[in-house]
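Look at the two complexes coming up: subunit A is in both, with subunit B in one and subunit C in the other.
Take a look at the complex of A and B:
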């Protein structure tokens, strides 16, 4: 009887939780279609030029280091108000030499070499932040391709004194390499084009993703800087900022290429880190979120949806197991099995449709209608992710019980090398020069044949 | 009968399996199509430019002019590009009143048209241009000065390299850009206006951003833990210290509406979680954000940015040197100046940006809805003075 009661409880929990998330998918997708953007920061691009420091943490990034530094030195931001801090974080390859080369050639680039101290991105950022001279910090991972106007686009929202952090949009450039990369391209599109933008439209908190984004130095200092203990220092910072009263802005048009994992093992390690980091944030921040006076009830509900999102994977697995137990049980139960089973099957249709609906809307908004044909294959990604997240969270909770740590910080594997497979149409290792700046800051095109 | 049921089941199973297979078949076919081809192309070279449409048109014309042409007469040749006809006119041209043209025009001299003309396609003029009253245009790029008489309607954009004059009640659907000066007549409307100088007709050329002697004596308000704890100076300025919360080292948050009665010099960034009314003659050295309406009194100086979740009203004779951004409407009072020594300013309204008389800025006026220069009737209704009448 106890086993049946437990099974009924978990099945009910799975149905309730997953249905709530399904409703959320629908709400976001419909709001993304229906609601106007609250503030068009694109109209401010180029008019707000605070002193800005771009941080690029690099750990064994010789494959991609030159590309990101080249892209940054070619950006159209006022050189007198820009510095690039390239952080060589305990690299064992040629990353340090590449950084030194750029620092020697470009006065806006400064090299920071870390050979001791705590490892991990947050620790590297913490050290670089102490040396930064900008009032705004922008962050790019080493495998990103910021366009020439990216810095201007990302700093524009900081003209609003209540904005503590800004997030741009990442778009995978290697979606043609493997089916997994293509599916992750769909997932990213839904996450940014629909999820982040809808959240911003609704006055909720878009998530600062730790790359293709920025943070105001005074805001960062007000929440005691980066959390070097967190595996997802970006999520951690997002919620500490909003708890303190700051807002996070999202700029959908600030698009930047990134590289998504092309292999399942790389994807598994990436999502395991995210799941652990998110859930760890939930455990640390939930009391503050509940008692916060700076967040509205809807913001609090959304914050819990965000921080609990990875818990849905083990809850779903428990729901599956519970339904098996109930199905094969010869006894009668307090809850009619048929009704529960119908509800669960209903969720499978409803829930998946909600996710697919969000993916479809994102593809539609991006003008990539035919990409929706790939969606059936997303089932593979769904099962692989569910398994990887559940394993990671099991390790995380066992670690909590036995006093050991969960998975450590893992740097996502890079699949390209400097100047190779770049998305620039001219095939060169540098971004095409499209403009020249004249008197009074007016830009004119210099690209021919366009 | 019993043997019918298995057949039905088998048919159903086949149909189900077929549909299941079909979705994966289509997915696999799509994957084979996109494999090896970047599907999520973004413009990595994207640079936001206010005069993008005009520059793009000029580039296209440059390419078209390389194509073979048919000589019509000693002053005109025609180029056919697909379904487009491009008429290239050597020297100037003058269209009589009411004339109509549906070809793309490239005029290598001055361009003039009389009242009520209709031009259905883009025009590039390599001299000066003057458009007669009531004319209708698609778009126009001018390598010189461009003057629109009253009631001209432009469906898309205007661009010139010299002085651009929008006459009374002119309407431009999208952008108006110039690398020189844009002059705005009463009742003129556009999506945005961008130039090193954008001014209403009566602008005397002054930027007037210096402080008055009275402003030099204003009490400076810089929030800090010590200043808030001391209370006196902050409370004397009109703030309720109980509502002040420190956001960061350079920014404070005020919970509730803020209504100050005496002018001050604000030196710390302030976020007001309500509406914010500031009296005449303030000096705002730092950014202000208000969730509600933000009203800045007359003759104030705003060196920081002004942001509002609703409307912003900048009082008569105010000066700003940063960004003005409202989700709702923005109204720039008579005599407003927006100038900055080391860059450009911008005033943007999510809905309507209304400009009163004698306003001048260096930069951009833009709106999600429309930028509207106050009409003569509205000015009169506001009790416009006789000197205002000469603004037109």
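Take a look at the complex of A and C:
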């Protein structure tokens, strides 16, 4: 009897939580589909371009370091107002040498070599921020490919003095490599084309993702800089900024190419880090979010939805176990089963269907071709993510109970091989101009400087 | 000056190599949107209401045909059908016929149970080892298999046969048939009106036929292996499979609507 009561409780909890998230997905998808976007900052004229520092933290990035630096030195931003800080964060490979090579050839590139101090991206950013001379800091991970106009597009929203941070759109370029990469491509499309843009359309807070984005230095200083303790310093910064009254802008047009994990172990580590970091932010920030006067009720509700999103995975697993118990209970064969059956339907179909609706809308707006037909395979990705997130959160909470601090920071594995498999091989207009393809198919960059 | 943007204008005559200019200007994907007009909302509502009313009023006929189809497939598979029993679904709905087959009981056959459990577990372990992306799902199936085995060993009175299983199955499916039009209308009709309405009807028919096939397969499982694989049949082939075909239909609809909305050059 007690077991049945517990099972009904957890099934009910799963239904309520998943239904709330499903409604949110539907609202976002329909709003993105139909609502007009806010005015594009790129359409503004007459504001002065601020001095901008681009930060590129790198830890063992010899396979990709030259690509990102080359793309940045080719951007069309005013050179007298641009600085690129390439941070060699305790690398053990040739990353430092590549950075030094670029710093020697291009006056806008400065090298920062870190061989001591705390590890991790946030600590590297903290140190680079102290040396930066720009009013605006833009961030790119080393495996990204910013196009020539990217810096301008991301800096434009800072013409609004209320904007503290800006986020651009991340587009995976290696979606043709593995099934997982293709599925993650769909997921990213839903997250940015629908999720981020809908939040921006609705006046909520788009999430600053820590790459393909920027932050105003004065805003960063007002919230005491980067949190080096957080596994997801980007999420942490987003909510600390909005708690201090800053806005976060989203620029859907600022598309930057990235590499998504191609193997499941790499993906598992990535999503485990995100889940732990998000949930850690939730534990630290929820009292401030609740009592904040700068956030409206809907913004607070959305903030909780964002920060709690990974908790849905263990709740879902508890719901499944509860359904299993109820399946063999005598109640299954009696008339009051109506309520339970309704819950089954709501939970199994409605709860999960909404995320697919969002994926489909993103694919529709992106004009995605036959790749969208892979959408049903995302069910496997969904199951795999659910178990990976639940394991990570279990470790996180056990770490809290035993005081072991939970899992550490993992660098997501790069899959690009040096000099091969670059994107833009089809002659896209956004291809870095200095790359040339040799007869052996290997791309090289010219060694000219500025 | 008024600029007219034509969606699908006739392709202009071109040089030897085919058209040299794009047939129309398409918006960049970052600023695309689709207007949800009152007409689309009306059509979506009409589609959903018509399908729901059809299912609700024809429910007795639908479940009878569903049963006939299921019984046919079960007999085709060589499983003798012992008869048909009426089972209640929900208050207000007509009772439904359920196929009766003899169910294998494994509680008195430990060797048979062990062999089937071990083989199934080995197959699942192999899939777990070879398909990293399917690991979460396979783990879920393993739990279902373990629970079913535990029920057979420790609580054999909880085992049930084809009639009870059909009752549980039809309760879920009838609700799916009633709820499906709402999803179909929202997901198909809003993105492309006429195709969406037709596609919603096709999906509904497919859902009905596919349910009978899956139920027949599950009944055959009950006949040969008892309750051992029933949880897997219910959780993986039941409502989850309903979601899969809905997502498949949706992905086809999106692919179709996408190529119509932006044209080939808009991809």
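Side notes on the structure shown:
Throughout what follows, the second predicted complex is superposed on the first by the 404 of 450 C-alpha atoms of A that agree within 3 Å, B and C clash if a C-alpha of one lies under 4 Å from a C-alpha of the other, contacts with A are read in each partner's own complex, and residues count from 1 in each chain.
The rule is simple: a contact is a pair of C-beta atoms (placed from the backbone, for glycine too) under 8 Å apart; a residue touches a chain by one contact, two chains touch by 3 or more.
Keep in mind that what you see is a predicted model, and the values were worked out from it rather than measured.
Contacts of A:219 after superposition on the shared chain: subunit B is touched, whereas subunit C is not. Contacts of A:32 after superposition on the shared chain: subunit C is touched, whereas subunit B is not.
Shared-chain residue A:179: touches subunit B and subunit C both.
Contacts of A:324 after superposition: subunit C is touched, whereas subunit B is not reached. Looking at the shared chain after the overlay, A:281 reaches neither subunit B nor subunit C.
Of the two partner chains placed around the shared chain by superposition, subunit B and subunit C are both touched by A:373. Judged by the touch definition given at the top, the superposed model places A:103 against neither subunit B nor subunit C. Touch criterion met: A:255 reaches subunit B and subunit C at once. Annotation: subunit A residues 36, 40, 179, 255, 366, 368, 370, 373-376 touch subunit B in one complex and subunit C in the other.
Residue ranges on subunit A touching subunit C, taken from their complex, read 26, 30, 32-37, 40, 169, 179-180, 193, 252-253, 255, 263-265, 320-321, 323-324, 327-328, 332-333, 335, 337-338, 341-342, 344-345, 348-350, 352-353, 356-357, 360-361, 363-370, 372-376, 378-388. Listing the residues of subunit A that touch subunit B in their complex gives 36, 38-40, 42-49, 76, 145, 147-149, 152-153, 159-162, 164, 171-173, 175-176, 179, 182, 185, 189, 216, 218-219, 221-222, 244-246, 255, 257, 366, 368, 370-371, 373-377, 423-424, 431-432, 434-435, 438-445, 447-450.
By the touch criterion given at the top, residues 26, 28-36, 88, 90-91, 132-137, 139-140, 143-144, 147, 151, 155, 158, 160, 164, 167-168, 171-172, 175-176, 179, 183, 186-187, 190-191, 231, 234-235, 239-240, 242-244, 246-248, 250-255, 257-259, 261-262, 266-267 of subunit C touch subunit A in their complex. Of all residues in subunit B, only 23-24, 26-31, 33-51, 55-56, 59, 63, 179, 192, 196, 245-251, 253, 269-271, 286-289, 304-305, 307, 322-323, 325, 327, 343-346, 348, 350, 362-364, 366, 368 touch subunit A in the complex they form.
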